[in-house]
Amino acid sequence: MININSNNILKGWDRNTIAEKIANDLPHGSYVNLGIGMPELVSQYIKDDREIIYHSENGLLGMGPSPNENEIDYDLINAGKKPVTILPGGSFCHHADSFSMIRGGHIDYCVLGAMEISIKGDLANWSTGKGIPAVGGAMDLVAGAKNVFVMTQHLTKEGKPKLVNECSLPLTGASVVSRVYTDYAVLDITDNGFKVIKIADDIPFEYLQSVTEGKVYQ
Amino acid sequence: MEINKVKEKMTDLLSDVFDGATIMVGGFGEAGSPIELLHGLIDHGAKNLTIIANNAGNGNIGLGALIGQKQVKKVICSFPRSPKGITFAEQYNKGEIELEVVPQGTLAERIRAAGSGIPGFYTATAVGTPLAEGKEEKIFNGKKYILEEALHADFALIKAEVSDRYGNLFYNKTARNFNPIMSMAAKNTLVQAKKIVQPNFTNPEHVITPGIFVQKVIEIKEPIIETIAIEEGLTYP
Amino acid sequence: MININSNNILKGWDRNTIAEKIANDLPHGSYVNLGIGMPELVSQYIKDDREIIYHSENGLLGMGPSPNENEIDYDLINAGKKPVTILPGGSFCHHADSFSMIRGGHIDYCVLGAMEISIKGDLANWSTGKGIPAVGGAMDLVAGAKNVFVMTQHLTKEGKPKLVNECSLPLTGASVVSRVYTDYAVLDITDNGFKVIKIADDIPFEYLQSVTEGKVYQ
Amino acid sequence: MEINKVKEKMTDLLSDVFDGATIMVGGFGEAGSPIELLHGLIDHGAKNLTIIANNAGNGNIGLGALIGQKQVKKVICSFPRSPKGITFAEQYNKGEIELEVVPQGTLAERIRAAGSGIPGFYTATAVGTPLAEGKEEKIFNGKKYILEEALHADFALIKAEVSDRYGNLFYNKTARNFNPIMSMAAKNTLVQAKKIVQPNFTNPEHVITPGIFVQKVIEIKEPIIETIAIEEGLTYP
């Protein structure tokens, strides 16, 4: 691994480009749960050739975009506790029914952020091991969704690889991630390592390997 | 492109059904029983089916007719006796059809568990009875419970009152019964609805089965009423 | 035990009287499940000083009386698959929710028929051991309801005791019955035997003991 | 005599609450959070409470205020961090309050299990993580699951939109969340509803929490809106 410092960190895709790539990989008719934060961007890049239905853990299926200021209903919020809307054909349910959708394998895709992803598909995204522990629905989503996509920067703010041989942080789930979308590449978790599906134009393969723990292959 | 789960032809609805499939059939007695889908399944001809339902058919229509056609090798149900449940009784008495009797609440909960990602749960129901034989026991707070496992299915045949193109379902009165939980438990949930409406007309507070649990829907405007049909001597095919 | 034959079988309460006694023991505000058959009579004897809510296993809470011929709705039936009505304040639910009411201990009283009741409160009422086995919701009711009342003739049609030391038929539940209402008496299941709460006017205690297996006491 | 679960006074509603009680509190974030009942509980003064909720309070109203009054010894929840969750954080960092973190779906299912007579069930959630430590494991069809136990409560504090005298409850949008399942799981379910209506106006097809799960109801016509209240600096008492 090369010694990464601010001088040799390359710039790959911006977060909108990553979101668009994920959006293009969600098939028509999918039921999708987008994690709070960066993954929420994905919904802005869904093309007209498909209809996607968004699930929010707090009992909302068919979630729509944020409301205008004057249309805010504090009883209509998403899992991030922000005001949202509901689209025609949507529905409300209670928490056990909502998590039946997740845990029963009915959510086709969930897109989550990550602190670390191991080469075996282990995910750590809920705890730095410090502060007040708070897990929310992350462990249910990774255990239950049919496909777990991760959307993340390839490197931590400190310039360390997030794609690692072994997660050092507390796990959210073991062997749960199927695909990782970073600013440098789209990579599948396989038995042979991180398989590159796409790589950003300005990122040489050798660089990608150098900023990733564990084998990367094409 | 818009999601549209509504099919025009029964053959499209049932196209994926295969020999040896496990099929849940909604309904409790005649209420919520998808008679037209069952007749479609007779026309389809799939054999060696395992049926999960509350009952085992009445008369020679619906599930009773499917069994009469010898398409069913096993029934998992709580109550396989009906006043006119002739086809099941005949085959059962000859040893031609298998039966697994499950307490009604355990049946419902095993189905719901399958839809909710729960492979097994403990229950007090049937403890100390013949239906607990061979089941794992566990003590919680000094009381004995038995382990029951999830009941999955390849298909669920569901009868609803109203659907939209997403498969959001509404039921009529006690015709709800097993239909919502079976919709959750099957890989493919196939629905007959009396009416298809636009999604703007499905109140999100009142949806009983959200479309996420439904794969295909067909409109059957005037479904057969079992009591009247049996009185009139209707049989199928 | 005396040798019971048709010559010395006494006549106790009729089924309406038994139903009335049960009705008087159901407190105001109770949630009650009445088994199919004889127990259905109980609802006719509820006095005006109380409101009782009836549950039917097939997803009906707040069940009302039978409809008039011209008001029959084949989608509104009870657990016996007979047309019924629903009262104001009633509700429909699916089967898992309906059995959550039963199995979760929310039904205050269920009243069931019986083939045999043992001195320990074991109940046999679902199978004669012959024919097509069919259990329905009986096992859930006896395992889940807060109080299990049995309403039955004291003797079988063949003149044999139904209250026995050990059930010979397949059990519905073990140690589940709290009280038995027969044409001869009302009896509680206790550690010391069948305790007589009430006895019909024309039934001598010695006769009651003679037609009951196991100890009866007052 | 008619069933009537509606109380006029908060003190009647909360009269049975005792020191050391386990209390479920409905709501997810501010939606469906019974702020007035929690303020009633502050006035009541019960101590050493175990709270089961999704969150651990925000600001100095509702659950945040109850914790601020040192009435809570333990919180069982999925997400005890909130932008203004100061009271819990303070006591947690000083070791003055216990915390059990439960994955949100497991929390919901454990609550539902309590209401449904299920003492334990198996789930894939948290397998291989620190939250699975010390839990029994079992393999079903080659996959590992852990055993989770039912979460019961002495009381549930519920916020609803509409109730009738039977306690049939309706919710508004995502304010439904944990309220229906907590209503099932508690021995005493105590409800604040924005509106009490006659039973003829509660459509039996649309009831979300049937009255069988509810013990007492009080009408709170204009409940506090948390976001606005915190912005305005409201605190309780």
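What to note about this one:
The letters A, B, C and D name the chains in turn, as written, and every chain counts its residues from 1.
Note that a residue touches a chain if its C-beta (ideal position, glycine included) is under 8 Å from a C-beta of that chain, and two chains touch if they have at least 3 such contacts.
Owing to the predicted nature of the structure, the values given are computational and were not obtained by experimental measurement.
In terms of C-beta pairs in contact, the better-connected of the chain pairs A-D and C-D is A-D.
Here the CA centre of subunit A is 56 Å from the CA centre of subunit C.
Taking each chain's centre as the mean of its C-alpha atoms, subunit A lies 30 Å from subunit D. Between subunit A and subunit B the centroid-to-centroid distance comes to 36 Å (mean Cα coordinates, whole Å).
Of all residues in subunit D, those that touch two or more other chains are 109, 112, 116-118, 123-124, 171, 173, 204-205.
Under the contact definition stated at the top, the residues of subunit A that touch 2 or more other chains are 86, 92-93, 96, 99, 102-103, 143-144. Contacting chain pairs (ordered by label): A-B, A-D, B-C, B-D, C-D. On the subunit B side of its complex with subunit C, the touching residues are 28-32, 54, 78-81, 88-89, 92-93, 99, 101-106, 108-109, 111-112, 123-131, 171-181, 208, 225-228.
Remark: subunit B residues 109, 113, 116-124, 138, 140-141, 143, 145, 149, 170-171, 173, 204-206 touch subunit D in the complex. Across the complex, subunit C meets subunit B through its residues 56-60, 73-78, 81, 86, 92-96, 98-99, 102-103, 122, 127, 131-140, 143-144, 170-175.
On the subunit B side of its complex with subunit A, the touching residues are 1-3, 112, 114-118, 164-166, 168, 184, 198-200, 202, 204-205, 207, 210-213. Per the touch definition, subunit C reaches subunit D in the complex via residues 28-29, 31, 48-51, 53, 55, 61-62, 86, 88-93, 96, 99-107, 143-144.
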